[in-house]
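Multiple structures are listed underneath, in structure tokens.
Both complexes below contain chain A, partnered by chain B and then by chain C.
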Partner chain A sequence: MYGNGMTGAPASRISDFLVPKASFFRWLDSLRESFSVVGPVAEEDRTVFREIASADELHMEYASTMLSPGKVYLYSPREDLFRISFGKDLTIEEPPRSPVQRIIAGIHACDTHAVFYLDRTFLGAFRDPLYENRRSNTMLIALNCSAASRNCFCSSMGAGPFLKAEKGYDMLLTDLEDAYLVEIRTERCRVLFNADATQSADAEVFRRKEEKERSALRTFTKTINTDGLDRALRENPEHPVWGRTADERCLSCANCVMVCPTCFCHDVVDELSMDMKTVRRYREWDACQDARFAEVHGGNFRARRTARLRQFVTHKLDQTHQYGVFGTVGCGRCITWCPTGIDLTEMAKAIQTRKA
Partner chain B sequence: MTRPRLGFFKFSCCAGCEFQTFYFQKHPAETLAAFEIVFAKMVLRGGAPEGPFDLALVEGTITEAWQADELKKIRKSSALLFAIGACAVNGGIPALKALAPELEVEGKVYKNLSPIHSIRPHPVDAYIQVDGYIRGCPPGERDLHEALTSVLAQKKPGFLRCAVCVECKLKGNICILTAYGMPCMGPVTNAGCDALCPTCKRPCYSCFGLMKQANAPALAKKFRSLGLSESDIRRKFTLFDADAALFSKADKLNED
Partner chain C sequence: MHPLKPAKAVLKNIRQETADVKTYTVQVDGAFSRELSPGQFNMVGYPGVGEAPISFSSLWEDGCIGHTVRSVGAVTAFIDKLAEGDELLLRGPYGKGWPMDIAKGRDLLLVAGGLGLAPLRPVIREVLQSRDSFGTVSLLCGARNEKNLLFTDEYEAWRKKISLFLTVDEAVTGEPWGHSVGLITGLLDRVKPDTAGTCAFVVGPEIMMRFVCRGLMLRGMQPADIFVSLERRMKCGVAQCGHCQHAGFFVCRDGPVFPYAQVTGLMDGML
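For the complex of A and B:
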């Protein structure tokens, strides 16, 4: 499903280069003239994705960020949809589509897969015009991970640490110490790429890439067994691990949902002006951990905390019938940023081993 | 179109909510234009406290018997009555006195107790039915605007009910609880402030009160693991919510 014609025609030929880092960053810097370049930047002791004023700001050896670049820059936490005015006639005014051309540099493999997941939602049966506009105006420069963070389990989900997909993004980087292996995936990126001192990548470079992948794979401490996982979860809605975790640890704070790069739910809010002449309609990320989420007239489908926690975890580990893939990319954010450290891989293990 | 008749009433509190409504929020002039102000001491001399009102906004904790009588009268003369602010909604700061015996608290403040007729503090819904809760100390922009425009549009207000964490994440703040071990009350506190304190790297102290779906014992356990003492934890949960945490609503705070 990824691709969606959103990232230009597939490359007529695959172009692979070995590029000294200094030269790569000079090239990236030169793009700032016509693009808003977003990348990982160290702020205090954390890394966040934000627009850079110079490639010197980039911190490419970063561990997982709290929010994924795709969810912030392609989806957007909150945005205006339209404004209704009640005058003599009723008028509906949409905000102009953003003309910004953007590059997201250094997006990890799991987060690139998470973008593919958002594509399934926003460029599937219904094409969301706001997302579509940003997706087609954004080039993704993906980065293979050299080492896993404590809660990463992307290797179990086939979403990392190295990116195997060949479509749906523009360029792939592999860190080879003083140089990057640059693999160009789209024609629009090939046209743009003019870094100096590049050599075409030979078999030896790809051998080094494989070695890097093997050493990255050795750094994983967290795994999940996906074999029959969806079925195991579906068959155990009343397993004690749900109630126990919900009662003893889950705060219903929704941090898990907010940081999850594949969580796509939003609420649509109307803000009426005091003179009752205009309505601003906007959307913002919503969360199934908020009791209000599944409330309808006369009742609530998930009034219990247990049901809400189970909703999140099963959407990630069971609901494969939605898009034919698991809802998790194994980034580990929901574990890292849960105030009580609730770990969906542990819950899955408890169910798979039928431990109470 | 006739403008809804508005009454604003104050019980035990700092009057910050009335100040917020008529002076400090983003739309004070529009508010004054949209409503007919029938009684509100900060904007109108005299006025008609007897009403009738289309909307009564009530701030403050009920801490004296006469206030309860007054409150019941306001309820009878108002089509809609909203509690506004932490004091009226949760008990707020004045309800701190619920943590000690009445006589002991009075003795700490007054020498001569004979003119003091103080009673146990309660939020207004301990005495009357309330149609809406505008939380906060003082109320946040979003819920206040939603309350006032909903009355104008004659619809049910959609107040925020999620945790402060949701607003905190929408702003992209690095979580100070998880990243730095600061005892933030955000995970159990009702949203509405746009995560004011965590955005300034200060732990939330729950001035919007516990959200209904809060799992207070689970956060208390987390605070214990951060090394907070039992009395520190108790203070955190009772600063704005003493009455709710201790008495009337304890059953509602822990679902399931």
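For the complex of A and C:
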């Protein structure tokens, strides 16, 4: 389901290599000629994903970024849908599709899963041509995490710290100190891969990978019990934790939504030009935390802050019938960036343990 | 083609239904799908103003489709100012409509509150056209007052083939009103649904649907035999913008018509 064929054919033969890091980065650098290579770069006190001018800029040991690279680069915060001109005849033009071929290097397992989630929204029964274009023009080089950050709970969600999926992305890296275990998933990536000094990854290399995973798993401090979680939330819409958290702490600032790698909601806006001759119709990220998000004539289905907070949290931890998976990948960003520290795992625990 | 690209439509006829409701008969260009079913909707709008989800009040008739619109928001107030011959944009059809296949061969109870009569009108038209395919068909129709009744010039033709019961919250015109006064739930006893064989389509304000559905169940109907049409804010119509999400359902794609059993008791809803 995920990927929906966006990454082309799977690799035609097993392509697992042990690659010295220097060699790997030389190869990545060589790709900048034909690709826009995006990766984690240390900027002041945090890491951001941006296009790199050299692989030397990469900070691959990063913890967590504020925004997930998948959401930013595949589903733009704002983008034009149509340009409509009034004239003798009304004309509706689609903007030209971006020809950019991109590589996102170093995307964590949780954020890779978040891309699979966005695929469900934008490549479902209705396929979004803008997302589809970028998804198929983007190679994802995923990176297994060596250690959890304070708010990570991907291990509880099956979305990390190591990526278990075998399709929907192009390459998977595991950090083995001075070398990467490189597992190539797609044919388009296999034909591109020509790093020097590589050796086939043998059983010993995979044993080291397993050891790394066990060690990464030991670093988690935050967990959530997903057993019956959706049902527990669904059956407790009036649990006091909703109202209390909303009344005492939630500011409706929508930070949680903006940093969430799976939140896909957007607004569609018409902007009239100053000469009133053209209209730019664009979409931009929107948030269920906005008071008017669910407003209709004569009413607002989520006028109460409690209802809006509950919508966000249940969309992540309940509502599994929507796509057959949980809406969270456990990246913990909504916790990290909440100005009042609201923690959806704590809310879930309060409901699961039936504590008031 | 981009799924959100609208098609051009020309207003062929505008009929004033009530003080703030008009029916627009529109001719659409070739880009628009011909496959429509009762209960589905279009995103209707104009560049610079935006788009709003509007259900069909008539399907293909003389090469045109119909939308019945109350002027209440930015988009609908703009449409209200248009004249015959003007252009507007629309795209669709979207969503799941009324389950006509399930209703066929059974008794059909239609319950409409206010503007809710508009999305049921294509159902009524279909019933009138293939009357033998249905058992007893009754329409319960409520409005705030006599002035807010829609499609009044069609009632006579409807009455020849289906039972029509009208009620208003209050009678205000002073003219003789030979029908009920009071909430629409008061009409439920006027029809005696054959509880096993009846299928009900209910549409109106959500609070009205809540009490109608409960009333029907008190009279023995099963939740699985009741269908409701929900209204939510929508920006895309294709299950992507997220505005219409209702406890995990995309009302635009999974509805707007739902089996009552599927949407009763959901958070942030009134059913």
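We take it that the second predicted complex is superposed on the first by the 356 of 356 C-alpha atoms of A that agree within 3 Å, B and C clash if a C-alpha of one lies under 4 Å from a C-alpha of the other, contacts with A are read in each partner's own complex, and residues count from 1 in each chain.
We adopt the following convention: a contact is a pair of C-beta atoms (placed from the backbone, for glycine too) under 8 Å apart; a residue touches a chain by one contact, two chains touch by 3 or more.
Just so it is clear, the structure is predicted and the values come from calculations on it, not from any experiment.
> Have a look at where A:A203 lands relative to chain B and chain C in the superposition and call it first, second, both or neither.
Neither partner.
> Just checking: does A:L67 make contact with chain B only, chain C only, both, or neither of them? Give me first, second, both or neither.
first
> Taking the superposition as given, does A:F264 touch the first partner, chain B, the second, chain C, both, or neither?
A:F264 sits against chain C, while chain B stays out of touch.
> Applying the document's definition of touch, where does A:C253 land relative to chain B and chain C: first, second, both, or neither?
A:C253 contacts chain B only, not chain C.
> Give one of first, second, both or neither to describe whether A:L272 is in contact with chain B, with chain C, with both, or with none.
Both chain B and chain C are touched by A:L272.
> Can A:F122 be said to touch chain B (first), chain C (second), both, or neither?
second
> Where on chain A do chain B and chain C both make contact?
269, 272, 276.
> In the complex of these two chains, what residues of chain B are touching chain A?
Its residues touching chain A are 27, 30-31, 33-34, 145-146, 148-150, 152-153, 158, 161-163, 165-166, 169-172, 174-175, 177-179, 186-188, 211-215, 218-219, 221-222, 255-256.
> In their complex, what parts of chain A are in touch with chain C?
81-82, 84, 86, 90, 92, 94, 121-122, 124-129, 234, 237, 264-270, 272, 276, 279, 281, 283, 286, 288, 293-299, 301-302, 307, 310-311, 314-315, 318-322
> For a test of understanding, state which residues of chain A touch chain B in their complex under the given definition.
So the residues of chain A in touch with chain B come to 44, 46, 48, 66-67, 72, 77-78, 246-255, 258-259, 269, 271-276, 284-285, 287, 289-292, 303-306, 336-340.
> For the complex, which residues does chain C have touching chain A?
2-6, 8, 47-51, 70, 72-73, 87, 89, 205-206, 231-233, 235-236, 238-243, 245-250, 253, 267-269
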